[in-house]
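As structure tokens, here come the structures.
Look for chain A in each of the two complexes below; its partner is chain B in the first and chain C in the second.
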Partner chain A sequence: MKDNQKKAWLFLAPAIICVTVFSIWPILRAFTMSFQGGPLIDLQFNGLSNYQYIFSDPEFWRAIMNTAIYSFLAVPIALIISVVLAWFIFSKIKHTAFFETMFFMPYVTSTIAIGIVFRYIFNGEYGLLNFLLKLVHLPQPDWLDNPSLSLVSLIIFGIWSSLAFNIVILMGALRNIEPNYYVLADMYGATSREKFWRITVPQLVPTLAFLLTVNLIGAFKIYTQVYALFNGQAGVGNSAMTAVYYIYNKFQIVGTPGVAMAATVVLFLFILFVTFLQRKLMKKVNS
Partner chain B sequence: MKKKKLRWGMIFVYLFIGIFGIITVFPFIYMILGGLMSYQETTTIPPTLIPKTLRWSNYQKVFEQAPFARYFLNTFITAATTTIVTLFTSILGAFAMTNLKFKGKGFIQLIFLSLLMVPGEAIIFTNYNTIAHLGLLNTYLGLVLPFLTSIFYMYYLQSYFTAISPTIYKAAMIDGASDWEYIWKILVPMSKGGLITVALLSFISGWNSFLWPLLVTNEDKMRLLNNGLAAFASDAGAQTQLQLAAATLTVVPVLIVYFIFRKQIIRGVVRNDLKA
Partner chain C sequence: MKFTKKFAAVAVAALALVGTTACSNSKSNDSSSSKSADIPTKITKKTTVVFWHGMTGTQEKTLQSLTKDFEKKNPNITVKLENQGKYNDLQAKINSTLQSPNNLPTITQAYPGWLLNAANSKRLVDMTPYINNSKIGWGSAKKSDIREELLKGAQIKGTQYGIPFNKSVEMLTYNKNLLDKYGVKVPKTMSELKAASKKIYEKSNHKVVGAGFDSLSNYYVLGMKDEGVNFSKNINFTGSKSKKVINYYADGIKAGYFKTAGSAGYLSGDFSNQKIAMFVGTSAGEGFVKMGVGNKFQYGVAPRPSKYNMQQGTDIYMFNKGTAEQKAAAFMYIKYLLGKNQQLTWADKTGYIPVTNNVINSSAYKNSTKSKVPAQLDKAMKNLYSVPVVKNSNAAYTQLNSIMQNIFAQAKKGQSWNSQIDAGKTKFQSAWNQ
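Right, the complex of A and B next:
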């Protein structure tokens, strides 16, 4: 067979054209636009002033802080809950498939629709959450309208949404663990806890590393959850402003695409850096 | 002694799964029930769980107050188009990458792999710019154009295609079949499972898309379901029961698809992970 089958380009053409126009070009364009000022229809080169602007904009720093707090709280908490749930479902009970199906439901459903339900549950006056808190004599804060709590509500919503993916991936990984390890451990009289810490957890490390980075990258890009939970705003007084929300605001609402693209470039480089760390980490874990 | 300890352990296990199971499922149930309540029932304290009478008329009001039928149609058209075209372009691309040898293959592979790392949010705004320049705001073409191929799904399909022995391809060529025939008569039927999974995942993510349609549409008649729902939630204001009914409308079709194809969907998501 020929070594250079030129017809391959014919089969790849639709994909390559689409990718060039809608993936490669927009990345380059985002970089160049970040050095331009003015509205979309009249962009002019203005050097580094967009970068100067965002780094001296308190709103930008708040967006970064919020995104960081959200990511570094919601992701580990969700991951720990997911590991415990996946382990229990996998090893302790029957009807594994039933529970797996149930816990995966949030993954396929619209964030906006579920956001409406959460807004209702979180409601300060007639919300179900505060009703339950009242039953056990705990304070009933205004989850959505109190600026200092918006991030907490967002984190709760974020954890709820991210369990599904974690559990299903972890169940897949648990099924892949060599069953003989457990048989052997049983022969030596290992307890359930020993089996979990000595066999399960070490075997799950690559999956956990994978989930950690995928979840973190997802959390850095959080946008729709904010929109859904605060009905199109970034919380009261922008208290739940996140990085992508900031970008959207600067691009679409304020009409300063250059500033938005400067923020995009910063976010993009940061995500690239985390992805790079993940690759390194995975290589180390796998070897 | 040991037995007693075990039993307490199991109680904890059941409790843990039970609590999180309720937390996971309850919002769905509450959404469906709340969508059938009266406004008073949704806002009383203590909260109502089961509506006294099931007010199906809420749904009628939702359809009267916002063009949800149109949103459904728009969403279906965009999700179906992106799914079908993405499948088509990904099958062709994956075939070339799996079965053909050509100069520059390594380079293409490298570009594709690097692009997998690019977050969608970083390119969505400049894509908006492109679509606006082409004059495609508020059109179906504008809604689907950037999503007509997916490197991710191409890789996913490659893992199915490489599982088919290359000798089958050689045999087909010797029998005088064209590449085109090989793709549609052998490759596609033999990778049905993978194709169905890609179709399901692509359709569901199309159905749930939010940020892109928010950017490229501002006319009510071109809105997709989720954008229509978000707008409706702001406009309907305090009409909690109608908001919940509208949310139910958005979620139920996907849940039905999910329950029918749950095995393919879950397996597909898990397999994605193993590739990464």
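Right, the complex of A and C next:
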């Protein structure tokens, strides 16, 4: 058994220091701050009252509910659509490079800018979407100003904006599938449906698992989309309040960092739990 | 080998040091409250004043040109204007920078409610010695000629930390052509507003909504104040007076003659598209109304049809950092902004109200051809009210907006909103109690 070389510490030092200062320290600080009250410049220990506060605050529960609904709906739907689109671009369409670039464009565009465009599309009175719905004689709901629809609009927006990244990653995965599998399948007379389900999908599982994890964690942390879509507020009547929006609002606007950090700790545990479940699930699928 | 070991140790120590200094909160500059004796009355050295603000568009341009004029007259002073985004962003920026006071600006625009913590921990400069200084200031608060309620509104716990600057009140903006067409007089009371709105809505075959309020928080706070209830923790949200205020608006929304701004934030868009005949909004929004209306129709401005009116908009506050020269220079700048000509330009270009009596009552202001606010301002400012600066009042005031939105959304669907009033009570209290 050889000892680790001492010199290694020297080379690790920059990374260790950065991680400690910018990742581990904030986590510990958030944890201690969740037991403190008062403004940021004068924090005092106040026990569990921040936790008591958030658990009795209806807005907090709404934020958690909205975040969960958003994550568990938008992520799977976006993934399915991405797989379908990526498969189409990969196998059925010429000029793949052009379409790949097209689909990647939203990823490099600022969310705020996209949000402003979507605000025009979704506008209840002058919006493009309702104009189209009117043409086909469907009801035209008030997408942005009806509190019960805020989350639906947000999910549509979220799905649309996560397609870009997913498709590009999936295209890469599709290209990596050994082409000889398909050649062999053709030799034995497999239908295209069989090829998709028996070859393509199983080969994509590791990539899908990766995307699911990344998207899910991203969805739990949704903030910018809400800000952009609802013009700087969390939807009419805070109907699209999400966990991170709640945290930001309590920390920066209301000026109760302790409450914000208590919510952060709860969200952290929640994400940890979901990621843990997901890993278990993936292990089962892989075996 | 030895050398590398030593080097490693030194490197680690150095890096660790960098890490800790980056995180440490320097707590200097807490002391030294200015007494009038230490206020320099002349700026002889090059001095830079940093001013954080949330002004955009015409407002920002006007501020820039006023600042340039000031710098020309005071060549030793440079005023660095730093835009920090919307009011919300400015508030967040101040809140987070309070931790590292060295990064704070010399002066900032702010609502007093944002700075309660800063005042408690003595991060703000009491302006009284500056106001009373006869060279840098005016000699006394009275001599400053600043309107009393406005000056009082810039106090935090009785101390004059702020000087009012870009203030506004709420006004009723109406579409004159539509009102004439339907034979409706400009409403002077809330019940007249209701009757007028109903008439317009019915006579236009439900095409034009009568009226709406931009700020739902203001609507509730002023509605309650008119009922004789001050904005405080003790408001009974489900009480009869509160319900009366809520129902007045909700009934109108259910019947269709009132509406809210929704996610657009302001009603001026609907107003210029003639979808709404009247709305109550800030006087500082006149520029947007004018731009939207163009030559489509004639608009008019009248006092808010209620007894009380909200004085809103920010004041200028000074942080307790920097040299005595910087503070004195900053105060000279503030005083300059409140000068007669500057106030006239500011009010004329932006729609904000002048803060000195002299300008409010001047004929040059009242006869302004660019703005319709001045002629009505005196009447509109008879009874001014502002949200009291106590712990969490700002949070509760903001929360009111979302509570009202929920109630009115229910009314818009034609469903009973009582359950939303109950839910609102919980949220209102939870905002006060954090």
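Keep in mind that, in the parts below, the second predicted complex is superposed on the first by the 252 of 287 C-alpha atoms of A that agree within 3 Å, B and C clash if a C-alpha of one lies under 4 Å from a C-alpha of the other, contacts with A are read in each partner's own complex, and residues count from 1 in each chain.
To be clear about the criterion, a residue touches a chain if its C-beta (ideal position, glycine included) is under 8 Å from a C-beta of that chain, and two chains touch if they have at least 3 such contacts.
Here the structure is a predicted model, which is why all the values come from computation and not from measurement.
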item: Clash-or-fit label for the pair chain B, chain C on chain A; value: clash
item: Partner chain in contact with A:L144 - chain B first, chain C second, else both or neither; value: second
item: Which superposed partner A:T224 touches (first chain B, second chain C, both, neither); value: first
item: Chain B versus chain C as contact partner of A:F131, first or second or both or neither; value: first
item: Contacts of A:K6 with chain B and chain C, given as first, second, both or neither; value: both
item: Chain B versus chain C as contact partner of A:I24, first or second or both or neither; value: first
item: Partner chain in contact with A:L277 - chain B first, chain C second, else both or neither; value: neither
item: Touched partner set for A:Q252, first chain B, second chain C, both or neither; value: both
item: Which of chain B and chain C A:E59 touches, first, second, both or neither; value: second
item: First, second, both or neither for A:P14, with chain B first and chain C second; value: both
item: Residue contacts with chain A in the superposition, chain B compared against chain C; value: B
item: Stretch of chain C, among 77-85, 113-121, 239-247 or 347-355, that runs into chain B once the two complexes are superposed; value: 77-85
item: Chain A residues contacted in one complex by chain B, in the other by chain C; value: 6-7, 9, 14, 21, 25, 40, 125, 231-232, 252
item: Touching residues on chain A, where the partner in the complex is chain B; value: 1-9, 11-12, 14-16, 18-19, 21-27, 29-30, 33, 40, 81, 84-85, 88-89, 92-93, 99-114, 116-118, 120-121, 125-128, 131, 160, 163-165, 168-169, 171-172, 192, 207, 210, 214, 217, 221, 223-224, 227-228, 231-232, 244, 247-248, 251-252, 257, 260-261, 264, 267-268, 271-272, 275
item: Interfacial residue positions of chain C with respect to chain A in the complex; value: 4-5, 7-8, 11-12, 15-16, 19, 22-23, 86, 88, 91-92, 95-96, 98-99, 117-118, 120-121, 123, 262-265, 275, 392, 394-395, 398, 402-406, 409, 412-413, 423, 426-427, 430-431, 433-434
item: Complex contacts: residues of chain A adjacent to chain C; value: 6-7, 9-10, 13-14, 17, 20-21, 25, 39-42, 53, 56-59, 119, 124-125, 142, 144-147, 230-239, 250, 252-256, 259
item: Contact set on chain B toward chain A in their complex; value: 9-10, 13-14, 16-17, 20-21, 23-25, 27-28, 30-31, 34, 42-47, 88-90, 92-93, 95-97, 100-103, 105, 108, 111-112, 115, 117-130, 132, 145-149, 151, 154, 170, 179, 204, 207-208, 210-211, 215, 225-226, 229-230, 233-234, 240, 243-244, 246-248, 250-251, 254-255, 257-259, 262, 265-266, 269-270, 273-274, 276
